[in-house]
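Both of the next two complexes hold subunit A, though its partner changes from subunit B to subunit C.
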Partner chain A sequence: MSQSFPGDALDDTPSRPLIAPLAPMLTLREEYVNGSQGFVKQIDYLISEGWIGVRRTRGDGDCFYRSLAFAYIENILNASDTMLAATGALSVLEASQPQLEQVGFQRLVFEDFYDCLAGLINQVISPGPDGQVLNINTLLEAFNNPEVSNSIVVYLRLLTSAEIKTNPEIAAFLIHPETGEQMDPESFCNNFVEAVGKEADHVQMNALATALKVNVNVAYLDGHDPQGKVSFVPFQNAPFTFLEPVNLLYRPGHYDILDRRDADPIPPLLVQ
Partner chain B sequence: MAVSTRRLQKELADIKRDGTPVGITLLSAEDFATWYLSVEVLGNTVYEGEKFALKFRFDGQYPISAPAVQFVVDDTYQAPVHPHVYSNGHICASILGSEWSPVLSVVSVCVTIQSMLASCKKKERPPDNDRYVSHAPENPKKTRWDFHDDKYVPSSPRRSTVSVLTISRRSV
Partner chain C sequence: MDARLRRVNKEIADCKSDKSSRVTIDLVDDNPFHLIGAFDGPEDTPYEGGRFQVDIVIPDNYPFQPVKMKFITKVYHPNISSASGAICLDILKDAWSPVLTLKSTLISLQSLLCSPEPRDPQDAEVAKHYMTSKSSFEKTARYWTMIYAGGPGEDGAGRPGKDAAKDEIAMAGLDRAHVAQFEALGFDRSKVIDVLRRMNYRGANVANINDDRVVEELLK
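Presenting the complex of A and B:
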């Protein structure tokens, strides 16, 4: 195993924004046209099903958490009743703090990350330090600021860890990704959840969707379906949510956000 | 205010209010870039009567990025003779690298290192000490370590098993 230092890449010249503006799915298709036709077929299938947009994220091992966080907050922003959606999300988050303390995280180690996430959601309904409520541009800006973006990722990692440690139904699924051995929740979380840059697998995804009370659909693009179809795996653990599900696009080793729009809307204030 | 400053202010306030665990003392924390703490191993161990100092260096992304941690080697302090500690003070410990997590703190790192020393039965340097020390970068975070497993069970409250790994590494 080779040791890397989590967080060290944060200051590197970014090859790709942490979270990019929404782009047409055709831009992703172009990258496969001269390569795997299996992927091209599946992308065409997605487009035919109305998934015409993709919001890409940097492939730094945090992409699942970052994609989910962005899409989650954007769904609050786009909810028909933003007040209800934001207060609902904030009360779920508020309740998550005792859960974190219960599994042994000191408030000291998570409160800055919590404030960062809760502050951004609160800005959907009440003006932030700049006197403005959140819009898609300021949300993108926040998620491309490494300090804000990574703080949110860390909070979601801690929340995922707390859910794994407190939810007995999850224990049976804690398997070492390389050796296939059963792991105890503590070492699983130390090694594969809490450390920055460690990719999420089904267990983490399921735990986080449960903890945040958000439904998540993941479209799996693997280039192997003979009919060129794409299977969607639902993580539906929130029967009573005010929010639309979060839709993610998986390609081997990476998550992006899937969308039915192919470009970000222009925030109302900028429309002349 | 940088996220690191905010967090370190809180850690410092905690230390001033609640003190540090037995055997660990804050030597200096004059800014939010470099702190020094001393570590003694209690009880009947191979390091009985010895006192070591740890130097922590933080960048603006702490605690998301790991601090650079090493033993001080100067006129007053020496690095402990330990299979995972090089004579220049560099430490090969996974929690300072790939298993770093923002839930760790300066004090919990000290506690983990104290436990690593406490469980040592035989004082010896890493087998490649001389080779490493002659080429080591000044900052231990610039070393890329390759690990072999070797488990210690520390008394740290939040991490039940911390693997401290060693042997070969290559400089980057």
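Presenting the complex of A and C:
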């Protein structure tokens, strides 16, 4: 973890892993006990609703994409029919390649990123180079390898960009985050989607959920709800998916993964 | 093979197979992570007819980190340091994306030559020159293109010969009469050129600068 990436400096805890093992929600609560009681109340609400676990990600501007990618692959891994889930996901990805070329990305710039993501999903159903199928430990390992992890993040950024550039319904929502001015899809994507470390907002989240054909629920923690409740914003763009929705936890400027378990399962012993 | 090397090799091959852009990338000492790129000065600009070389260093985390580029060929441009060749361009900094390639980045540098951004300068003196008198700036940029990049120069004849001395007044983008005026007071020509250049003694700005202030600077 000695490598540094653009955005690392933004993180107050640069030693945080890119994606951490699942931890009890109570660990997050402890961080607020002596601070904002608004957040504590909202965390208690989440716990009472059964969201007892959180998987933390590094705050490097890529956290939305990285969280979504991890939760997406983990959902494939945990699907009741992994074969159906993995082949479904792979066919969506396969079809995305010509779309990327159509909006002007050269194959040579995205094929390595694609191979990384598709390779990992394929490993859910067929043994990888190490002779093993994917389990939660090897998935965590892959996502903490900066090259693999960042390749996957970039591929999701490109999918997001291609969706924004080809979906005319999105055009009206392309607003410069600072000036509030309307932007054309090309410059919006150049500056706020394709660039490394640029955080995602609703437009990007919606576009990516559509492109990946995955439903996403985001729990917004802002510390301001008078009743201490948490609102979930659904990005339901995949009516016919085999996958469970991805659940993310938002705190101002950052995304983590929300879970109904408070620890990662111990992978079953592998047959020699 | 290491992913970075695989990507760079693909990019170099892609650039070689494309003859239409006239962008070239060559290895320095067989090191695939230290390269020299080159492209033509864009048409209808003071850089037209010149060939510009760029030093390229591929960082360890490429393509997740931006490629490092600076001009080897000296360029007179508000966003390029006239001394070091350092470049001020967003995609080389926080707007970098792994979808950019060596070729597309070099083409962006070519576009930068077409559209200077003097309000976000790398070379403040050149930017001031540009904003004071665009025609004088262009004349100087054209002269630099002739001297350093093999451009045709003002009269289209090109550089008078390798040994011919550079005209320091033209290099600094100054008016001959202004230089002569202060030389006549007994100051050394190179000192006069240096001071007038730093004070942006050009075009309409001349009226804002008192002669006494120039002399004061010359005496420092």
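We take it that the second predicted complex is superposed on the first by the 255 of 272 C-alpha atoms of A that agree within 3 Å, B and C clash if a C-alpha of one lies under 4 Å from a C-alpha of the other, contacts with A are read in each partner's own complex, and residues count from 1 in each chain.
The criterion applied here is as follows: a residue touches a chain if its C-beta (ideal position, glycine included) is under 8 Å from a C-beta of that chain, and two chains touch if they have at least 3 such contacts.
Keep in mind that what you see is a predicted model, and the values were worked out from it rather than measured.
By the touch criterion defined above, A:N190 lies against subunit B and subunit C together after alignment on the C-alpha atoms of chain A. When the two structures are aligned on the shared chain, A:D201 is found in touch with neither subunit B nor subunit C. By the touch criterion defined above, A:L158 lies against subunit B and subunit C together after alignment on the C-alpha atoms of chain A. By the touch criterion stated above, A:N150 is placed in contact with subunit B and with subunit C alike. With both structures placed on the common chain, the touch criterion links A:V109 to subunit B and to subunit C.
Using the contact criterion defined above for the overlaid structures, shared-chain residue A:E49 touches neither subunit B nor subunit C, since it reaches no partner. In the superposed model, A:E31 makes contact with neither subunit B nor subunit C. Ranking subunit B and subunit C by residues of subunit A touched puts B first. When the two structures are aligned on the shared chain, A:D81 is found in touch with neither subunit B nor subunit C.
Residues 3-6, 105-106, 108-110, 112-113, 146-147, 150-151, 154, 158, 190-191, 194-196 of subunit A are contacted both by subunit B in one complex and by subunit C in the other. The touching residues of subunit A, when paired with subunit B in their complex, are 1-8, 10-11, 104-106, 108-110, 112-113, 146-147, 150-151, 154, 158, 184, 186-187, 190-191, 194-196.
Taken in their complex, subunit B has these residues touching subunit A: 2-3, 6-7, 10-11, 14, 61, 63-66, 94, 97-105, 141, 144-147, 157-162, 165, 169. Within the complex formed with subunit C, the subunit A residues making contact are 3-6, 105-106, 108-110, 112-113, 146-147, 150-151, 154, 157-158, 190-191, 194-197. Of all the residues in subunit C, the ones that touch subunit A in their complex are 3, 6-7, 10-11, 14, 60-61, 63-66, 94-101.
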